[in-house]
Every structure is written in structure tokens, then in C-alpha cells.
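Starting off with a structure, shown below.
A, B, C and D are the chain letters, set down in written order, and residue numbers restart from 1 in every chain.
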Amino acid sequence: MLAEFSIIPIGVGSSIGDQLAIALKIVDESGMPYKVNPMGTVVEGEWDNIMNLIKQCRDEVMKKGDRVIISITIDDRKGKQNRIEEKVASVEKRIGKILKK
Amino acid sequence: MLAEFSIIPIGVGSSIGDQLAIALKIVDESGMPYKVNPMGTVVEGEWDNIMNLIKQCRDEVMKKGDRVIISITIDDRKGKQNRIEEKVASVEKRIGKILKK
Amino acid sequence: MLAEFSIIPIGVGSSIGDQLAIALKIVDESGMPYKVNPMGTVVEGEWDNIMNLIKQCRDEVMKKGDRVIISITIDDRKGKQNRIEEKVASVEKRIGKILKK
Amino acid sequence: MLAEFSIIPIGVGSSIGDQLAIALKIVDESGMPYKVNPMGTVVEGEWDNIMNLIKQCRDEVMKKGDRVIISITIDDRKGKQNRIEEKVASVEKRIGKILKK
């Protein structure tokens, strides 16, 4: 299962880099396959592992504020592995070109 | 914690009403406070209860297809209850008008 | 075309009701069909009208802050009208029950 | 303004790689700064340019199907440029480590 999530603390000022660093440190140390991008972080794994990871990030970020908006988008497909690499690669194959990542 | 979620089965044709009915029956029978709208369903509860509800919907919908896209948006705010009613009401108070719901 | 959008001002404190009221006043006075819910507002119309409406809300909200997160989800389906009412009604028909809205 | 978008054609089978290739070819040839990831594509630019790009992708994808779900998330912040690179770099600086991208 692929999931992209983002965590937006509300009420801690317009710069939220410190809180994002807290969350991404947790993701990086989790051992789960992940790819960060300017709008969120994509992870791959089982439902419970992914939701526990995001909950852990929520708990840490909420220690420094009282409101958070979390967005999670899931692409769950039977019988496919390593989609965190294969999904973009299969589109690049169709286009015949390496895309900017 | 407030959460809105939508479940979109992929590969079962452009009409997905049957699958949405499966999911909404589960939500309706869950006993959790919910409000359905044309683009998703808002529920209120604790993290684990909400995620288990959505996982249950995913499992049922995936019995009839092999791919699903799930979107979850969470608004988690300390010290506030019954936001499934209060959040819109507080905006209506500010505008001085009942909005279309 | 159906679209749900939400506007979250960042850096103006954890209460964002004043800014949501600004946006919803614009939507209410736009004349477009809409339904507000605790997590966003669903509108129905053509692409340009919907995007201009959301841009107008963004411009007004950004007069009182320097950062905003906007989420837009679109369900665009050929040959269907009044889906802002019909989409939920068709699921209720399948379940045989009026759902909480 | 940063925006991430994804386009999901409904009713064309569970493999949507061909349609994603159509959309990403348009993005790649647009000249706008972009980064693709397994769950969407992040672009940077002005509101109208970004919305016209996404509309163009929608129009092309809808030539081969009758329903599409589009998700757009916008992070609009005054006075900041090149956030498509700087946003992740600023978090990496805080963590003191290059993250997987």
C-alpha cells in the first residue's frame, strides 16, 4: 500500500519547518521505504504500520501546538510490490523519458 | 478529532455507487457521529476508532475490486468536542446567516 | 463538475473561523450551488467558475495572512447534472435509508 | 505558489498508467518547474498558469474516459521563491541529513 501524508500544524506561526523536521526524523528512522517531496511524504507498507507511523508524527507535532491538519492519500492495489519506485518508472517507460523527481 | 474520508474503487467502471453504499452502510451502522456529503463523509472520534472504521470500509470495498484510492483529511484540535456540529455553526454565527448544508 | 475545497490560513493562530467566514460569505453570495460541511465546501459548476471562486476566496483570506493551504478535490463526470444532490441520493436509494447529512 | 496534483481516471480499468503518461507529458513539455512522485506531481508557478496546466491535463485524459477525480493541494506563501527546492532543503538543514527523495 502506498500512502502520501502531510502534517500542517496550525497556530504555531507561518513557518512550520521545525515541526516538519520532527515528523520527517520519525519517518527517516522508521525504516519504512519513503520519498519526501515539497508537499508531503510518500511511504509504502501495510495499513497498520503506515497509520501508526503517521499517528506517531501527529503525537510529536501536537506536543508543540494544539491543532494539526493531516492529509493522507492512499493508493492500495492488490498484487503489486515496490510501487514507490515502479509507479513513476512505468510512466517514464510509456513516455520514453526520465522525468524530474 | 474530525476526519473526512472518501473511497474511490479503481477498475470497477465509472459508476461507483454500489461500492460507496457498502462503505456508507458500515459508517451508518458504526454508531460514530458522521455527516455524508457529495464528496466524502465526515466522522468524529478517536484516531484508532476512525482508522479502524476506514480500514473496515477499505476491506469490504476491496472484496469487489483490486485497487482503491482513499483520501483522509484530519482536523485534530485539543480541548474541543462536538466539532462535527460546532465548526460550521461558529462560522454561521460570524456571518449571521445559516449556510446551505 | 463537483469540487470540494478547503482553505487553511497558516500563521494566524489556531482559530481560523474569521477567515473561513470571509471565504464562505464569498461562496454564499456567488450564486453557485454549494453545500458546506465541517471539513470543506462542495460546489458545482464549470471549471473556470469554480477556480475563479476559489481564487477569490484565496485572495481575500491572504489579505489577513501570508500563507494559506488550499485543498481542492474534483469529481468531473460527463453527462451528469445536479450531482450535488443526486450523488448522495443515489447511495441512499441503494442502502434504502436516508443518511445523516 | 506550490501545488501538488493527481489525476485519477475512473472507469478505464485498474491500470491508469497510460492516462498518467498523457498528463505527465503535458507537464514535462509545459516548461514549468515540476517534480513527480509516486502519488502526484508538484509544480511551482502562478495560480492561473497552474490551473490552466491542470485543466489541460484533465481535458486530454477525459478524451479517453468519462469520469476523472483530480486532487489539488496548494501551499501559497508570500515573499518566497523556488520553494520546489527550498522547502525540503530547509527541513534537511534542520535534521542535518539528506532525506530520500
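Observations on the model:
In the analysis below, a contact is a pair of C-beta atoms (placed from the backbone, for glycine too) under 8 Å apart; a residue touches a chain by one contact, two chains touch by 3 or more.
The structure presented is a predicted model; accordingly, all values stated were derived computationally and were not measured.
Considering every other chain in turn, the ones in contact with both chain B and chain C prove to be A, D. If you lay the C-alpha trace of chain A over that of chain C, the rotation comes to 180 degrees, to the nearest 5.
Chain B and chain D have Cα centroids separated by 25 Å.
Averaged C-alpha coordinates put the centre of chain C at 21 Å from the centre of chain D. Each of residues 10, 14, 66-67, 69, 71, 73, 75, 77 in chain C touches at least two other chains. Residues 2-4, 6, 14, 17-18, 20-21, 24-25, 28, 33-40, 42, 71, 73, 75, 77, 83-85, 87-88, 90-91, 94-95, 97, 99-101 of chain A touch chain D in their complex. Residues 8, 10-11, 13-16, 65-67, 69, 71 of chain A touch chain C in their complex. Across the interface of their complex, chain D is touched by residues 10, 47, 51, 55, 58, 62, 66-79 of chain C.
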